[in-house]
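Shared chain: chain A. Partners: chain B in the first complex, chain C in the second.
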Partner chain A sequence: MSTNTLYGIFDDEEVLLSSVKEIRANNIEIKEVYSPFPIHGLDKALGLKETRMAITAFIYGCLGLTLGSLMIYYMMQIDWPQNIGGKPNWSFYHNLPAFVPVLFECVVLFAAHLMSITYLIRNGLYPGGKSDSPDERTTDDKFLMEIQVEGDATIIKEMLTKTGATEINEKEA
Partner chain B sequence: MQKEAEIRDPLILGKKSYHDITKDIARPVEGKANKYWWILFSLSFGLFLWGVLSMAYTVGTGIGAWGLNKTVNWAWDITNFVWWIGIGHAGTLISAVLLLFRQKWRMSINRSAEAMTIFGVLQASLFPIIHMGRPWLAYYVFPIPNQFGSLWVNFNSPLLWDVFAISTYFSVSLVFWYIGLIPDFAMLRDRFSEKTAPMKKKLYSFLSFGWSGKAKHWQRFEEVSLVLAGLATPLVFSVHSIVSMDFATSVIPGWHTTIFPPYFVLGALFSGFAMVETLLIIMRKVVSLESYITIKHIEYMNIIILLTGSLVGTAYITELFMSWYSGVEFEQYAFINRATGPYWWAYMIMMSCNVLTPQLYWFKKIRTSFVATFILSIFVNIGMWFERFVIIVTSLHRDFLPSSWSMFSPSFIDIGIYLGTIGFFFTLFLLYARTFPVIAQAELKTIVKSSGSEYKNKK
Partner chain C sequence: MFTIDKKAKNLSMALMAIGLVALIFGFVSNPHDTWPALLFNTYFYLGISVFAVFFVAMQYVSEAGWSIVLKRVPEAIMGALPVFSFIMLFIIVAATSHFGGNHIYHWLQEGIMDPASDHYDKILAGKEPYLNATFFIARTSIYLIIWNYFAEKLRKLSILEDKQGGTGSHFKSVSTSAWFMVFFAVTSAMASWDWIMSIDAHWFSTIFGWYVFAEWAAIGFTTILLFTLYLQRQGYLKDVNESHIHDLGKWVFAFSLVWTYIWFSQFMLIWYSNIPEEVTYYTARLEVENYKFLFWFSMLINFILPIILLMSRDAKRNNGRLIFVSIFILIGHWLNSYLLVTPGTLNTHGHIGFTEVGIGLGFAGLLIYLTLYTLAKEPLEAKNHPMLDESKHLHT
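Showing the complex of A and B:
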């Protein structure tokens, strides 16, 4: 049996959202949805897991704090302690108030950059990458639902039309 | 679908479909530049060239080319530095703080405000580097293993905090801006065809990183934007606090005040919003975005200017009170000299442009007028430049020994460098307006149904 890919194209995000819900209620797997902007509630409707991007930011922030502290400790206490305006150069803890600004910047620097890099890697985005979208209009005003069908696709096509798809394209694999 | 109260004014005027928004935002990139663009561009580029020559002359001959003397050893360079950093602050406030507060009106202005931030911080960072006199040794400010006696930078010094704050601020703003730009570059990529515009297609394909708008990607996009906003918010407050500590941690009367960090942050937001208005009032006309940048957006910004302007005024008065209340003779003299000494005129410009004229925004007629807003925003820009000049020069020019009292007057080179950075800033902004999607169209499309005038009238 051949596997075909169906592309249901929608004009409106609310119609798409209700269609997604109905199609999934009928136990049909939706492979992907492409949209020109984020649609509120679509991730839940598609049954996507919650993203862990915020957790990575927290971990990277902790990493920044640790590395920043180690850097300052090494440079100010171990390698070359100096008496600067009588500030306590013998103890990291006593000199800590003066280090807070730099430590804070280290946290933000690490969290923001490493999270963004993680985001790009997880999404497979890189300079010069190719778009996976089957239809160029999905960055403009069309919403596209991709479904893989084995065998007869007429029932799914009917369902797509009934739930509001304005255009259905089929690609044979 | 999001709902919005009926009494809120629409943020998008006219009958706009998703496709109309795409077309409107791609138009400046697809079309040819008009006459006004070329006039503005030539002017800015001319100023920029003057700036480049002045900087080259400074580097070639040394800081003696400036109007500095032994008493006033810090003047226009640091004034311009703080002024530009301050201007950058509104961009982050609009994109990060207003995102956390879920303010929808930020969506049509955040892209340009962030561009302004990045270009402004770029101008600011030029000043410390050329003030070093030997800019090729600028890497000395970073904590890198070195061959000059294994001496490290001093982590107790506010000047080093500045290095960390400014470089973090610049790079995080850039990342935040770019994450938001990726979907919009993808929109431009898909509008250009391989046949008619192969170069543009290639360029925007490269810049859009292969974005395709999958559901999972959008989910991550929203989370990353939110977390970046959460990181950028304390960052923006820390940056200007740290800039103010360059002064506040010193022992010079007039600088040594604990009110500086909040007062500098407010002043930065105040001047930043004024610059956003100056730029956007011109831009909405030049690239015809009147439907998206409306008088309502301008009014909201004017209200913030009114608030921050009044708070800055309160800070000025608090400073005067505290200097009297401190009972310290030198502290009291520093402030009497500021207001009544030889630089009284600079103090008057500062007070009138920052405290008095923004009060006109109490009148609805004035805060909902493009012409009045444009004029007043220029006043604020001037006033905030003078605020920094007053703080820096008047505190220095009469120091503890009356025999070394002196005045400061800028040299031709000083003026050239300052105007040069203004030229550089506008050159970058004009290039940006012709090559970037100037409005975050993907985000804007999410509010058409709740805040577009067409949909609001339907109900």
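Showing the complex of A and C:
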């Protein structure tokens, strides 16, 4: 049996959303949806797993805290200890209140930048990355639903038309 | 409609009875130590009830739609404002006349501004134009009367909206709220200088108004959250969904961090510059055995606990977790309020005993009773608010 890929093209995000719900209710797996902008509630309708971005943010924050501490420890204790306003310069712990703003900024810096970078890489938006979208119009005003079908595709095509797809394309894989 | 169930009523009555016993016991055995206990408890609960007004005003000014389904809750917490305002005014008037052995404010001591007297204090005498008994009472009365006026007006408009419909009372609420915001921005800071900062009259901190506001915000949001969860558990507020609770949880988390941020800003600048007239405030707390533990302990539960237990999204949607953290935040800020007042008034002799805890519990009973009583007066669901539908479909 051959595997074909179906592209259902929609004009309106509300129609697309209800179509996604209906098709998934019939136990047909949707491979991907392409849209020019984020659609509220689409992630739930597609049954996507919850994002793990928050966990990465926490890890990056901890990394920032660790590296920031090491940096300050090296600068203020080892490389160039200074007597600033009579504050104890021989001890990291006793000087800690003065270092907190720097550590805080390091946490924010690492969490924010590494999160953005992770997000971009995860979405394939790195230099030299190629667009996955099978139809250029999804960057303008069309919404596209991608379904992989084994064997006969007529039922799914009918369902797409019934739920509001304005155009259906097929590609043999 | 909400009806107070027997259990809640009995509990609040029992708490108020404990409070009354503690108050009488305190004033009979040691009035000098009881006034500060009364002051910091009033500060704490007055903060919760005035913050409810701020919360309602903030929703109107920012045209926020999410909170409409639970807006009766802060409106009911406002119901406790007149009582706590009255207690605060009573304490201030008693302080200026030294009624019942009230010596909370050092600068109100007799002869302290008089060059001929033995008690003469040149620095405090220089502050006389602001720190004098008449102006002190006048200021306190103005804050309290106007806060109560705005609370009453916002509540009346909200009820009027239910009955009349239309957008007239909504837009009136928006402009009323805007005026309240402007007034509260100035008076909340001034009230914090008057009631709390002037206890340590030689000392001053320019961030103090924000510090007190952040504390009131943290405990205010926590209280709104707790009452909402209670009503939900009782089977009321059917329109409040997980997202509303999540949003309130975010506020609690955020303002716990804001409080810490300001706490630390004040602490670090004073610690770093190490000027004698400033640093005495912290030595009075950190070099005294019975305050030192509470100082770090309250910091720990007001900051570390929420940041560990409330950071993730799932935690803010877990009612058990929210209740656990909320109760600890309230305890932590209660201890912090204690530390704001006690070292300046009782020097090194302060301790948390039956009087302090008893009055705290009594006021908690008073707050619970007045809030539930106010809730029972009006239907629990607001209708006719222009953004009601948006609030019902909140989804984050």
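The criterion applied here is as follows: the second predicted complex is superposed on the first by the 170 of 173 C-alpha atoms of A that agree within 3 Å, B and C clash if a C-alpha of one lies under 4 Å from a C-alpha of the other, contacts with A are read in each partner's own complex, and residues count from 1 in each chain.
Note that a contact is a pair of C-beta atoms (placed from the backbone, for glycine too) under 8 Å apart; a residue touches a chain by one contact, two chains touch by 3 or more.
Keep in mind it's a predicted model, so treat the numbers as computed, not measured.
Within the superposed three-chain model, A:54 lies in touch with chain B and with chain C [touch as defined at top]. Of the two partner chains, chain B is the only one that A:36 touches; chain C does not reach it. Contact with chain C, but none with chain B, is seen for A:86 once the two complexes are overlaid on the shared chain. By the document's definition of touching, of the two partners only chain B reaches A:105; chain C does not. Touch criterion met: A:76 reaches chain B, while chain C stays clear of it. Applying the stated contact rule after C-alpha superposition, one finds that A:154 touches neither chain B nor chain C. Partner contacting the larger number of chain A residues, of chain B and chain C: B. Once the two complexes are overlaid on the shared chain, A:26 sits clear of chain B and of chain C alike.
Applying the stated touch rule to the two superposed structures, the overlap between the chain B and chain C interfaces on chain A comprises residues 40, 54, 85, 87, 98, 101.
Put simply, chain A touches chain C in their complex at residues 40-41, 54, 58, 85-87, 97-98, 100-101. Remark: chain A residues 14, 32-40, 42-43, 46, 48, 51, 53-54, 57, 71-72, 75-76, 79-80, 82, 84-85, 87, 95, 98-99, 101-102, 104-106, 108-109, 111-113, 115-116, 119-120, 122-133, 136-141 touch chain B in the complex. The part of chain C that touches chain A in the complex is made up of residues 264, 267-268, 271-274, 311-313, 395. Taken together, the chain B residues at the contact with chain A in this complex read 1-2, 17-19, 22, 143, 150-158, 160-161, 164-165, 168, 171-172, 175-176, 179, 182-183, 186-187, 189-191, 205-224, 226-228, 231-232, 234-235, 238, 242, 245, 442-443, 445-446.
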